[in-house]
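Remarks on the structure that follows.
Labels run A, B, C and D following the written order; every chain starts at residue 1.
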Amino acid sequence: MTDEIDDLAGLRDRLRAFVAERDWDQFHSPKNLSMALAVEAAELVEIFQWLTEAESTVLDADRRARVEAELADILVYLVRIADRLDVDLLQAAAIKLEENARKYPAERVRGKALKYDEYD
Amino acid sequence: MTDEIDDLAGLRDRLRAFVAERDWDQFHSPKNLSMALAVEAAELVEIFQWLTEAESTVLDADRRARVEAELADILVYLVRIADRLDVDLLQAAAIKLEENARKYPAERVRGKALKYDEYD
Amino acid sequence: MTDEIDDLAGLRDRLRAFVAERDWDQFHSPKNLSMALAVEAAELVEIFQWLTEAESTVLDADRRARVEAELADILVYLVRIADRLDVDLLQAAAIKLEENARKYPAERVRGKALKYDEYD
Amino acid sequence: MTDEIDDLAGLRDRLRAFVAERDWDQFHSPKNLSMALAVEAAELVEIFQWLTEAESTVLDADRRARVEAELADILVYLVRIADRLDVDLLQAAAIKLEENARKYPAERVRGKALKYDEYD
């Protein structure tokens, strides 16, 4: 029976308690947390590095379990660092999406994967 | 006026629409998305790399804005890859937290930052 | 006219001088250098993230120039961190290759890209 | 008795033979190799992530062995990708150093760790 987590605020609170019980706040500077996040992101990359793109879309049970565990780790560190720096992740994402909508107008970038400064 | 996003499902849906309008699904294999996620995580690391841990906890306005943008990018790719592979992020995090609680009993690891296989 | 560099020892010496002139040794802890190295590695990944594998083998002039610059940055930080920790890179690589030859016997792994603990 | 490797060209040749014997060239697209390189860089970061900068400069025997192995892995993938794309690593580094000397004049950046576009 896994204790459910309802939303990002719920996860943030569970993590606060987890860290406090272990006295791990001393290690959780934003600098260190950014390193931990990058390490987990690389562990996700490692699962896919020798697969073709097509293979990466259809995972066997073992790879799927590893992917789920890495995605969870990434979310955990992302929520921790946002908490340490008092960032509202969903609001930041909403702002980012509006910027991206301006930088990448659908009619200009359709079907093309360039950076916004590469469009002519 | 930024369009608010209420929760991870709301973000997932906004991203689906954004990608569909641009016909970018063809680029969004889990393999490629994992690379994009790792790149964004590294851009976060870059902000902190020459700061001390103490400096990383107190950001000026410019650095804070860059951190928020990077956290947003990471969340965006995390939600995209979870969507492509049909992973429930909060459930995966809940499972992970229970595993971590078993691997790192508070009384044994208090104040120590070792990997679970390094405790004696 | 670029001043030629003959070998890894030559690069190490040039970097020592470059860093000393700028009084940057204070920033070059192995921790920080590992972050900088990971950031440069991700900048290389960024060039390839939306390309197919086939496209990644044939680069136009602009991408080639960016790849060369990123590979240079990675080598620079790799040599710096090895210097800080007094590691002989070529000797470490020779040892690693012998380990890999044992872990991945040619007859067992031919044409397969698995980790050494996945072979049956 | 480890077979010595004299220089980067020697390492490149040893790696070519290693890969050919295992028929692994098919996996070694620049895209995939960039992923593998980033993964190894992150494994180096992992060793340092919870250490202070001061701790990262003085490693016990176990950590030192892990660092050496990761630095070797990074060098191996760096040399592989340079070989695949026909890049002369030392020449690329020499060019980069001259660019950096221009971008970061010693008298302006002494003791400061900013990006070149942050100096006023």
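Things to note:
Heads up, the rule we're going with is that contacts are C-beta pairs under 8 Å (C-beta built on N, C-alpha and C of every residue); 3 or more make two chains touch, one makes a residue touch a chain.
These numbers were taken from a predicted model, which means no experiment stands behind them.
By count of C-beta pairs in contact, A-D exceeds the other of the chain pairs A-C and A-D. By the residue-number overlap criterion, the interface of chain A with chain B counts as same, with over half of its numbers used by both chains. As a whole-number value, the distance joining the C-alpha centres of chain A and chain B reads 2 Å.
With each centre defined as the average position of its C-alpha atoms, the distance from chain A to chain D rounds to 25 Å. Residues of chain B in contact with two or more other chains: 27, 32, 35, 38, 41-42, 45, 48, 50, 52-53, 113.
Across the interface of their complex, chain B is touched by residues 2-8, 10-11, 14-15, 18, 21-24, 26-27, 29-32, 34-35, 37-38, 41-42, 44-45, 47-48, 51-54, 56-57, 59, 64, 67-69, 71-76, 78, 81-82, 84-85, 87, 89-98, 100-101, 104, 106, 109-111, 113 of chain A.
Partner chain A is touched in their complex by these residues of chain C: 35, 38, 42, 45, 50, 52-53, 113.
The touching residues of chain D, counted against chain A in their complex, run 27, 32, 35-36, 38-39, 41-43, 45-46, 48-50.
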